[in-house]
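After this come two complexes, each holding chain A, first together with chain B and then together with chain C.
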Partner chain A sequence: MSTGSRMFPKSARLRRSSLPYLLLLPALVLELLIHLVPMVMGILMSFRRLTQFFIRDWSRAPWTGRDNYELVLDVNRPVGEALLRSFLTTCLFTLLSVGLCWLLGTAAAVFMQESFRGRGLLRALFLVPYALPVYAAVITWAFMFQRDNGLVNHVLHDQLGLGGADHTFWLLGDNSFWALLTVSVWKGWPFAFLIVTAALQNIPGELYEAAALDGAGIWRQIHRITLPSVGAVNQVLVLVLFLWTFNDFNTPFVLFGKSAPEAADLVSLHIYQSSFVTWNFGTGSAMSVLLLLFLLLVTAGYLLVTTRGRRNEHV
Partner chain B sequence: MRWMPPKRWRRDIATRAENIRQAFPDPAERGRSAMRRTRAAAAAVTASLLAAAATACGGGTADSGGGSNTAPKELTYWASNQGPDLAADQAVLTPELKKFEEQTGIKVKLEVVPWSDLLNRILAATASGQGPDVLNIGNTWSSSLQATGALLPWNAENFAAIGGRDRFVDSAIGSAGAAGQDPAAVPLYSMAYALYYNKKMFQEAGIAKPPATWDEMVATGRLLSKDGKWALGAEGGNLSENIHQAFVFAKQHGADFFDAAGKPAFDSPGAVDAVKQYVDLMAKDKIIAPGNAEYAQNQSLQDFATGKTAMVLWQSAASSFKSHGMKEGDWGVAPVPVPAGGAPGTGTHTNSMVAGINLAVFKNTDNIDGSLKFVKFMTSDEEQKILNKTYGSIPPVKAAQSDPAFATDDLTVLRTTLGTSAAPLPQVPHESQFETAVGTAVKELFADAAAGRPVTTESVKAKLTKAQQQMAS
Partner chain C sequence: MSERPGTNPGPRSGRRSSPPAPPPSFRVIRAVFLTLLSGFVLLPVYVMVTSSLKPLQDVTGRFRWIPSGLTLRPYIDIWHTVPLARYFVNSLIVAGAATAASVVIAVFAAYAVSRHRFRGRRLFTVTVLSTQMFPGILFLLPLFLIFVNIGNATGIALYGSRGALILTYLTFSLPFSIWMLIGYFDSVPRDLDEAATVDGCGPIGALLRVVVPAAVPGIVAVAVYAFMTAWGEVLFASVMTNDTTRTLAVGLQGYSTQTDVYWNQIMAASLVVSIPVVAGFLLLQKYLVAGLTAGAVK
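This part shows the complex of A and B:
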């Protein structure tokens, strides 16, 4: 008992110093398991020939070195060529979608800043696409875009008389790009609206009053007060929209099914299809790793440029 | 580095510690119990970590290969969607599973998996080793799944446990795995393609009998395709449906999509002609509505039921027609057309694939004896009659076929086709990939036809060559 009393201060100190780490350990372990381990496994898979013959016990799949990467990067062969085209399509699509989402969201948020009757109702209405389950929303669009019985063609051709009596295919061929873009913007802009609306709440009203007293018109106010004030929020908003849109799998999958038309073949769906066409999950993993690298590069570059730009502004 | 709480907490902590010290007069005792608690917490964290790691690596561990019997009172069964919707399947199967439970005391947990998910779910189960005990598979996947080694092989011993291999129709067993290997599954429901036609529309157009050859089909089709109505329906956006048709057309052109060595031969002249002939029904003959190019959710059946199209090529469509509001007798059934110069038969007069559903046992099952009992139950004469009657399919069990319920006009056509003029899809490990690659090629060709772009021998060949290159990688 007496030794125990003498030992106590030391063990107490040890206990006190290790306890925080012990408490952090579960979070650390979960982070590793949920985030890093799957990523590392994906990277490992990309160096193997993981076909249907090995998926049951994929530790037996043979190592192939750089073969998977050479295959998907060789743009003179069908696999690489298709990946490149899909990548470029995705870039164009993301650019347009993020741009439109941001523009619509910001414009709507600025208009909703003034208080008027029915503002709450309108705000709630604007958020509906964001609140709907993706599958339900997109499958509805798929029905609307149907050639023979779809609402879009009915309105365009039968009621407005645009483009002649022949119905247009929206889900096949080149038009599918515009169909996909429409659904993506419809689904994405309420998020931009929500975030910008929240950011606008932080701008003190005196700024606008002062500007108005000095004779600044509405455009000047938006340009000089509103936009600079939400700059930090916009930086994150655009990045998040970019990552979500670039990686969007649900929208094209629900709209087009397993194989999207070439014009709307986004890279995430393309990777899925490539993995399942050949049941060669190694090639699919190699494509995913390349995509991950690309997104990392873009994100890092974007943050570097925008953060430096803003810092200069404040100096 | 030692973690130190910020200064403002320290006073608070000190006060609380003092309170605790007063509550526990012996500090040594308190210290030890706290140590024990800390150690217990550490052990718990370590244990859960190890357990999680073990689960994560579950897919990588090799297993004994034949299943075990560690959970003898329970089975999990993945059923495919055979009825009009998932709820209908639940309603059909639940009483039968109850019967099985009464006979054997084994409780079967049923999950009806939609077709869009089934193959992915099976692949995920294969990769993780965590899956059902017994499952339905599309019979065309048999060889692909056989190659993964995830399914229990049906050797003589296993067949003996369910009453023997010769209880089943040969062609059905032939579509349960690669030739020369033990089948990966046993047949459960058999189906074949037939030509369904709308009697009233035929009457109005003055057509006496359904077309028996493709020339007759085109001639009849031109009579029917007018005033916003069309002769034939197709599911141009449905990859599997495209494959089933392309396969039969290829057979009729004396071609195969895989050569004798099991290598893809998608762009052989015969295969190109076959695919072109099918797409030409829309592109050149104009007896399929262009809108069908984007159909992938059985819209063609709805068009048929509402009188927009006069014919469809389908397998066991009767129950779907009824669910769309048609009455028995509104439609007629005939064999699928063949090339001129002979009745449906083998070789170039093949007019259907051997369609159907197989029942497989997952090798990782923890109730292998129960699984075999369940397969025996599902393939028993009595259950075969009940289930196939309900689903409008043909029993692959010979003894069950004699039931008068399978002698209706509809089912007689299907039964004859299965018996005399149906061929199984290529039983090669790459079959599933073939469905996706060539199915997509046909889908793109239909899109071309629908948009009015020319579909030529060259354009068909280019698409099929591309599909083959995807496979070769």
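This part shows the complex of A and C:
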């Protein structure tokens, strides 16, 4: 890489060899301080009974061994049962949201691959949900989902006459799941669009020309050339979407306030609530550690399976 | 896979120089799909804009597509109902400082990875990037305790201060910024900075005089991304701020905890706080897309 280094006298080379570490130092220190140290501390905290009495000096909180884990994993007791329900809700939510985001983003990118009038404008428009600050966008959706003065009920009940005259609660009860999903997809799909659009630009035009000469129509070209070409990007895209959606805190927090209805109680919000509402940081940390383990397992498994799958494809 | 786009891979290139018109069936489906999608995307924007211009009775009663009258009152009232100006200034300080620091630190780190081979190079990239995948809630609790305890031990009030928030936000955008910049720096020909080094610039001189100017689009992209990240963050802002340091992300909820919910003001405030980032994003969109491309297609 640095073929020029041969020209340098020895002392300069020495200086040069420590230079990269100096350049990395600020980034490294900050990442360690803000991410890794707290993460290790969180693991330690999960083995302590850390209630509000110990917050000023957490090192005095008594060790409790596996107690926190036994508490949050015992599905026959309220804490464990609530966590399990929140976890399953989050899984279903993530599956649907990532699927829809990917579908909309890919479809839009494929449809907009070919130039047409107004494409640039449409592209900018589609990126607006991505650019809007989360809270501003989600608060607007909260207004739209209001029972008495929201747009959604006005359209459904007053204008289309669906579901009778009684307005639906969207931010309470079971419907809140669908409200949350709608907002999540609205906010998330432009990222998929952005990434797939970027990937499509790297497909050589000759592929399409050759296919067209062979008499392949546009659908066949999409099926045979476009979609296979985004496979490599999809691996990362789906993983990133999965992690973002599964960990999403902002959307339910702004949409529902501090306590989400059961049907939309995503796991991040659930941990936040069990920590800051009850001030029991020990159990909250145990839940966080379990969440981390789950994400690590899924990520490792996913990368293993998709990488092997792709390798086989290419052989 | 390892293809790096050039210094300015704009999002513009079509797939053929002179495409034959696609068949009508394709064009109809495309038109229907894109129209529906535009409607979905625009709906909240329409609600935000029109509701912010409505008198209060329009937003407390049944929803109206067309306002009964237009008024600018919400835009005046938002500054009094909650101390919005203070939140705005706080957000500007926090996001601005986090962005500036993040860009400088990311430039140095990305330069090291892009231009030097050293032990731990790969480990560094993987570690930094993997911090991106962990849920914020995981280090929220410990970080909260760390800041509180440092405050108790040293008297430096980190908890509730803007400084703590700046430090935290900076690390949120750092990994992705470094990643994007590595891509950009790799696309700057190495001969350029080696020539500068031979001409008597040190490695830092080469970075500042040759590499940075050549990678301006990437640096702009990173700055936009860092600013958006800090401007929109809710979780840490809701725990780590107090009345004087509160940012917009939390402050905006002040309109809805009152007995009357001033939806027209909420919408006006949402619009006002969105303008800096949306305007910035749409202006610099080209750079961000190019920067994302450089990173994502890696």
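We adopt the following convention: the second predicted complex is superposed on the first by the 283 of 315 C-alpha atoms of A that agree within 3 Å, B and C clash if a C-alpha of one lies under 4 Å from a C-alpha of the other, contacts with A are read in each partner's own complex, and residues count from 1 in each chain.
One rule holds for everything that comes next: a residue touches a chain if its C-beta (ideal position, glycine included) is under 8 Å from a C-beta of that chain, and two chains touch if they have at least 3 such contacts.
Not measured: the values here are computed from a predicted model.
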Practice task
Pick one for A:W58: touches chain B only (first), chain C only (second), both, or neither.
Solution key: both
Problem - Touching partner for A:L19 - first (chain B), second (chain C), both, neither - result: both
Practice task
Mind working out whether A:L122 is in touch with chain B, chain C, both or neither, as first, second, both or neither?
Solution key: second
Practice task
For A:E209, select first, second, both or neither according to whether it touches chain B, chain C, the two together, or no partner.
Solution key: second
Practice task
Using the superposition on chain A described above, determine whether A:N76 touches chain B (first), chain C (second), both, or neither.
Solution key: neither
Practice task
Examine A:V37 and indicate which partner it touches, taking first as chain B and second as chain C; both and neither are also allowed.
Solution key: both
Exercise for the section: Answer with first, second, both or neither: which of chain B and chain C does A:V236 touch in the superposed model? Expected result: second
Exercise for the section: Could you let me know whether more residues of chain A are touched by chain B or by chain C? Expected result: C
Practice task
Touching chain B in one complex and chain C in the other: list those residues of chain A.
Solution key: 1, 4, 16-17, 19-21, 26, 33, 37, 55-58, 146, 148, 257, 276
Practice task
State the interface residues of chain A toward chain C in the complex, per the touch definition above.
Solution key: 1-2, 4, 7, 16-17, 19-21, 23-24, 26-28, 30-31, 33-39, 41-42, 45, 55-58, 104, 107-108, 111-115, 120, 122-137, 139-144, 146, 148-151, 153-154, 158, 186, 194-195, 197-203, 205, 208-209, 212, 217-219, 232-233, 236-237, 243, 246-247, 249-250, 253-254, 257, 268, 271-272, 275-276, 281, 284-285, 288-289, 291-292, 295, 299
Fill in the blank from the handout: Interface with chain B, chain A side, in the complex: residues 1, 4-5, 8, 11-12, 15-22, 25-26, 29, 33, 37, 52-53, 55-59, 71, 77-79, 146-148, 167, 169, 171-173, 257-259, 261-262, 273-274, 276-280, 283
Handout entry: Residues of chain C that touch chain A when the two form their complex
Key = 1, 3, 5, 9, 11-17, 19-20, 22-23, 26, 30, 33-34, 37-38, 40-45, 47-48, 51, 59-63, 105-106, 108-109, 111-113, 115-118, 121, 124, 127-128, 131-143, 145-146, 148-149, 152, 167-168, 170-171, 174-175, 178, 194, 197-198, 203, 228, 231-235, 238-239, 248-249, 252-253, 256, 263, 266-267, 270-271, 273-274, 277-278, 281-282, 285, 289, 292-293, 296-297
Fill in the blank from the handout: The residues of chain B that touch chain A in their complex are 2-3, 27-28, 31-32, 34-35, 38, 41-42, 45, 48-49, 52-53, 56, 59-62, 120, 123, 126-127, 129, 144, 147-150, 237, 239, 289-291, 293-294, 296, 429, 432-433, 436-437, 439-440, 443-444, 447, 450-451, 466, 469-471, 473
